[in-house]
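Several structures are given next for inspection.
The two complexes that follow have chain A in common; it is paired with chain B in the first and with chain C in the second.
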Partner chain A sequence: MPGMPAPATVFPELPASLLSALRAKLGEEHVSTREEDLLACSRDMWPRSLIRQRAGAIEHPPAAVVWPGDEAQVAEVVRLAGAHGAPVVPFGAGSGVCGGTLPVRGGLILDLKRLDRILALDERDRLLEVEVGVMGEVLERELVRRGFSLGHFPSSILCSTVGGWLAGRSAGQCSSRFGKIEDIVRSLRWVDAAGRVRETCLRPCGVSPGSLDALLLGSEGTLGVLTSARLAVWPLARERWLRAFRFPDVDAGLRAMAGMLRAGLRPSVLRLYDEFDTLLARSGKDDAGDPRESLSASLPALALPARALLARSLPMVLRAPRLLNRVTGLLPTGCLLVVIVEGGLAGGQAWRLAAERIPALCVREGASDAGEGPALHWWKNRYAISYKQSGLFSAGAFVDTMEVAATWDRLPRLYRAVRKALEPLAFVMAHFSHAYREGGSIYFTFAGAAEDDAGAAVLYDRIWDAAQAVVLSAGATVSHHHGVGFSKARYLVRQLGPAQALAEHLKASLDPAGSMNPGKLGLGGGGAGEAHHGQAR
Partner chain B sequence: MSQARSSPAGLGPHVRALKHCTYCPKLCRFCCPTAEAERSETVTPWFKMTLAELTRLGRRAPAGGPAEVFQHCLGCLHCRTHCRHQNDVPGALLAARAVALEAGAAPPATTALLERFRARGNPWGEDLAAARSAAVPAELLVPEAQAVLFPGCQALRAPARHLTPLLGLLAALGVEHVGVFSGPEVCCGAPLWQAGDLQGLRAHGRALAQRLAPARTILCPCPTCAWVLGVVLREAGCAPSGQVVTLDAFLAPFLRAREPARQVPGRWVFHDPCYLTRYLERGETTRQALQGALREPLLESAWSGQDAACCGGGGLVPHSLPGVARQAAALRAAQLEASGAEGVVTACPGCVRQLGEAGPLPVKDWVELLAEAYAP
Partner chain C sequence: MARPGDVPGVSSRGSLAARLRDRLPAGALEAPAGPTARLRPAPVACALPADPQAVGVLLAAARAERAPVVVVGEGSRLGSGAGLPAGGYLALSSARLSGVLESEPGSLWLRAGAGTPLRELAARAAELGLRPVGVEPDDPGSLGGFLARTARVADPITGLDQPAALSVEGLLADGTPIASLAAPRSACGPEYASLLLGHGGAFGVITAARVKLEPLPERRLVLGLTFVDPAAALELFRALPLHDFPPRRAELELAPGREARLLVCLEGDAELAGRALADVRRAGEAQGGQGEELEQARGWLGGAGAPDGLEAWVSHGAVARGLASGLAAPFGLAGPALVRLDRPGLNGCRLRLAAPRAGGPDRLRRALDPEGREARAAADERELLGRLRARLDPDGLLNPQALPGPGAGGGP
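On to the complex of A and B.
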């Protein structure tokens, strides 16, 4: 509401001696305590922070933001901060969705975007050496210009950095073909918590025995700062086969997906939408504007007045999630599977063979061939879904996603159990978009609303607690590719059980001062993610 | 024409865009030239809009930091290319600047620029009327001409690069009925608009409209001038009565009627000026008009057309944040160089200057190449 007083923001502070030492090393203009710079780095895309911001609360501003220009300066910052006992939070583009960059114990935001050089592209060995701060889309376009691709297309490619991908073990839309980022990386350079520059061994394939890569990938800035990486690249696809299939239910679709992977087929894109997500995927228009419009347009079976009502008062409708889930559950949509096979990546005719075998595998599981149209529509709009978030939050509602992974045998049960747990709390849908020979991930989307923002934060926490309780008891992973950050730390701690002590031991030996991104992954204070419970109330 | 708008009515008309940006996961940040030049979250479209929204809500006063942050926008409209909501970020930031100015909170660089403008009628504070008199034959300075060429202040800063070849081209094409604007208002008023000085803009627009009253056709070789005279002043209620015509549209029939005397050699890459391509949507027609004058096919950079990066010369940035303007220009120059071209050709005097100072490639105004091709 205009004019409404917002809760005062409390900015933490740093010793003046640290700030002046940083300024001396980095230059005045690369160290800031200006309020606007602090605010801009006070949250990432964790939806709970958005709910709190909507209520006027800025809960975790840093004390300063620094922009080192190269690896040596990164090392200087880490050394100086360590000497002054100041927390250091590595920051890519702040697109993380679980509070990974929240300075929960104050300190410095270490913005890495000035480290954005492409250091080398070895076209013969197809190896790229790149600094961590480069924006995904900028890098991919440069590679395409030179006839290559990284094969890594997270939906956030427009707003995330290579460093963020590595630190969170990100997955792209073509992960079934190219793997997650940890399958693409060949070596890492990093600055450890003592400010020493380190490099892991260049390897020709996945993580090798004894390599520190496995530890650093997914460490979310808690062990050190990644500065550059060598990554495998691919020649551009020359051909693309796109097809969609409609399955009677999720189980049949999952059986077909597992069948493909077990047969050794590697489509670039393999995405199965549940009945509810199929509605949205089908909504057809090439826009991603107002979610109220797309949701109501995606319910063709609803009478016009009901659709008009939905379009007008989405938050109200979302406050009766059980009803909404039931109504949409009655619609005879089936489950859409989008398959894209690319050719010319590594030569040969393997892709042609895949394209020939896939329809038969799907039909065997009861699917009908929906043609190229829906797959082409998905391809053209593959980043569009992210634009819908704004409309939902603007309308007073909220939306979040939860990506968890399990083996094929557990996926259908896990899917149903999470749906059931969330049905009374939020409108929920899911798709299965990262598939491997042994299993895959489920990507739940849930949208909810409450009377006010305080209520929304409480509801938000209840949703996560309910969903993760199911995940933990089903033996699935707490996260597949968004990372753990601050928000899921307490679930990870529960999942690790006694092994958490081991993780803490490791952290203590690699970062004895506990200054590297404290509070993330349940390590080094900050309340293992419990702190936010209660803050919003 | 594009629908990007300035808002004279405060931030109110921008509420939807402000909210959408505030809750957006920064999806257009990768193409924002100030965000890329400065590598800072603070100047991403997302945060500039968040700050404007906080100002609208009364949670932040515009004075100081916010007013300074609102300056970090080139007005290039590139963000809209990647915004599925079609948000008008530069329009909203312009309104935010107007709010700051009204509240007496404009940054010192803006105040200084406005003072220069008041003194000399252009943002540089130079005597550009004298520069025009020196460059244009007296017989062409005809106040009552029905077709008037409005060169714009950027062209008058380097008339030999822009105005002289254009007059030569018009003569070579047999265009005889065009006079050159001779009034003291050498600038279209874009800097006033961009500073958020809407009162000043209206006064300037009224004076221009009066001076241009006899003109049926107003030929604007500078796309920023074409946008301001044709759209901004109309919306501000003080537009000249004549029709504003871009150079490509004006030249089209003459170029069709005549073969060039020669084709200019070399590999040229085209840089899209933001106002030409994203605002006026004349990038394609300009390319087509230019191609006939060239021996080799015009090259494109990896970022071109609606996706072309700004040269750093937009908005008030070259005046108030010259370092940012230089950095943006360097990034764009590198993209153009990567096309393998031997030279850059563009269609805006401001871009010629920015890019000329930024990279190793020679940069030409397209009128220079056309003049060379059609010279008898």
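On to the complex of A and C.
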């Protein structure tokens, strides 16, 4: 897209002595300063990076990429980098959407994908010990082969690692039943900022005292480098019940979701779509569990005649978001709720009772039974997401998502307030997933377009500022499962308020030199929007 | 000789009390009364702040005078108060930080002051048809004390552990206010407020919290099962967390020369509890057990009559290995022993052992962790948490007797 000049990429440099020491320790082939490697690690899937990259701007290239082969090599890299004052940025699969792996102060990208071993699976203790570089889907496939499951199914499972899940406190699609990753972790191994291998105690289920785990999980590489973890695993579910219901509005659907959990019915999946998301979920053929990427595919349902025309007109349509939001708000689609109950892990039948009770509970809130079809469709397509953004971006538009969490009493107001704030700026829709007894998450999707890439970046920032202002004033969390990274750092600082001082104390205690993933979580400078610094090559 | 919890450089008891009095508003210090009067050694002064601002003023004064501060709730843990500073300290009672402040039954939470007795909390929740999650009904302590020793509790639905409070408010040792948001989960960096939970008060003072609630059950059913083969009983016990509606409680007794006895308590509405009980009974009888539905638990369900011996969290595998070799020897003890297991989780359970005195906690720990991996990890955690504590509280004044990290929960 025209409009923004493409600045020349400035690559930072590292001392030659550090590079030779790294090559001596890791092997020549596991240390790279090749431009193609540096460019590949200069961004994650943060849409603002993609907008800037579309304009030709590579704002945060690293100085080198290293691929250690084991925990000892990770420790060596951290020690060497520390001795030379080089920042270290842990890197998994690069599928984060918050700029969490941007090397905003240059330095080393520490790619952990070679730490991909399953170290142990104790079937009696239902305990898995696994390195952080394992890709999610590979791990789950191996567990299933052995009769187990992690119960953790982020929609990015095909392109994310265990380490990324731990660093960003991710959530899976069955979080209502199996919890978020922090509920699954039993202990962590990590390399601290001084290059020393550390470990936390095995944490049993049930009542437990305080642990360092709660501080390391979600630390996004700012305190050290996670290398492996012990995780709880479950035997495979023997039975699965799927059903969809159509509610008159979001409020009724939310009441039904809260009611199911309050009644202790233990569904694995609860996903409520607002009106437009429902339209996408119904659109058949190529829709997906998360409909944002289906936007361009599904807009024809709004009477646009052809996909080709849509591709040309999409940016123009998105430049009139208020109108688009109003039109879609009139759609008589209702709100679709997908419910999945799994059971029989111990061979019992009691799970059927939950399944039997759910329809009546939904009908009481005004829902009609939509049968198994839409739920089965969601189940079959639950990972078919996150990979279809390119159409929108290449058409000159952009799309992003914002996942926030609050208690049940606040969710309806929060949903409406964010929608209202964004309606003049972007096309917006949402679904409610990750439901817990006390509340849940809202997953907003917004799409916008501007005259050029410079305008798109400005609009993108306005959208986020407007949405997060509402989130913060409502007392909701700035993130539920994507993490904070670089992009949400300034919102997190506002959310924490005086407690930001504690974050800084913690950082100073564990990373006194400030070399671990600087600029993330509002720590270590390089605040969002600032240019990176490093010695120019 | 210095005692654990002593703070070097603290001046005499009398002068400390006078200097604190000089720094604080009139009437801020009171004579020890109630639980604080039972503290040994006795504090030089006692304060009962009524709001977080007053707590901040007290902490600031104590820092200025290098006076240790020991936070006291209902005093239910006075027996574990070993290590209280001998050279004089200020007892900060949470008694006036008490009462239910607000509630939102639709979102299953209730916000209360840290000094609220757990019994009062349960009574207020019961008025809403609810009860606090993770709180034992007969716990004599206060909310603040409970949270200071408990970071996570088992979720009544999933059985997985979860943060013990929906949100927590308090002041760090350096006086910084901290409050987490009332949200069920988040991904907003480290859980900073977790430092107030389960670390024995080492990092800060809890002033209030949102307590998680769950509906009061309509029915409570108890199933007793006996097994000739203890291995079969253990297998059923290990499978309990996998049931569609896991038991609220379960206890397994393995005694030399006797049948293994398993008691299982199921809760919910009548139909749900009944269906869940039928599942467990069917599974137990398929493994050779004899089941009997009981009016109520006879004997030891709920902790009454627990063996007066050793206690540890153990993996299911460790118990199975113990069973295979006569139970006692793998736990570092000579001869067979009475073993009771409860709180079955996905990966392990709590083990309580009626042990000959020749044994002891250290021997049990060594037996369960022969390679010392967990011991090293615990030392790691304590060292790193200690670094943070030193930054927040360089003189180690707040709850100096508390030990953060694994093994936390110290303090009165």
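Simple rule for what comes next: the second predicted complex is superposed on the first by the 486 of 537 C-alpha atoms of A that agree within 3 Å, B and C clash if a C-alpha of one lies under 4 Å from a C-alpha of the other, contacts with A are read in each partner's own complex, and residues count from 1 in each chain.
Simple rule for what comes next: a contact is a pair of C-beta atoms (placed from the backbone, for glycine too) under 8 Å apart; a residue touches a chain by one contact, two chains touch by 3 or more.
Values in this document were obtained by computation on a predicted structure and should not be read as measured data.
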{"item": "Which partner reaches more residues of chain A (counting touched residues only), chain B or chain C", "value": "C"}
{"item": "Which of chain B and chain C A:S208 touches, first, second, both or neither", "value": "second"}
{"item": "Partner chain(s) touched by A:A405 [first = chain B, second = chain C, both, neither]", "value": "second"}
{"item": "Contacts of A:L50 with chain B and chain C, given as first, second, both or neither", "value": "first"}
{"item": "Doubly contacted chain A residues - partners chain C and chain B", "value": "none"}
{"item": "Parts of chain B lying in touch with chain A, wherever the complex brings them together", "value": "16, 19-31, 36, 39-42, 44, 47, 50-51, 56-59, 65-66, 68-69, 82-85, 302-303, 338"}
{"item": "Of all residues in chain C, those that touch chain A in their complex", "value": "104, 106-109, 134, 149-162, 166, 172, 176-179, 181-195, 197-200, 212, 214-215, 238-245, 268, 271-272, 275-276, 278-280, 282-283, 313, 315-317, 320, 343, 345-350, 373-374, 376-378, 380-381, 384-385, 387-388, 390-392, 404-409"}
{"item": "For the chain A and chain C complex, residues of the former touching the latter", "value": "122, 124-127, 168-171, 175, 177-180, 182-184, 186-187, 192, 198-212, 214-220, 223, 232, 234-235, 258, 261-264, 266, 343-351, 353-354, 405-410, 434, 436-441, 475-484, 492, 495-499, 501-503, 505-506, 508-510, 521"}
{"item": "Chain B partner contacts - residues on chain A that touch it in the complex", "value": "1-4, 6, 34-37, 39-41, 45, 50, 53-54, 56, 65, 67, 91, 93-95, 111, 113-114, 116, 133, 135-138, 141-142, 144-145, 156, 158-159, 287-289, 383-384, 386-387, 389-394"}
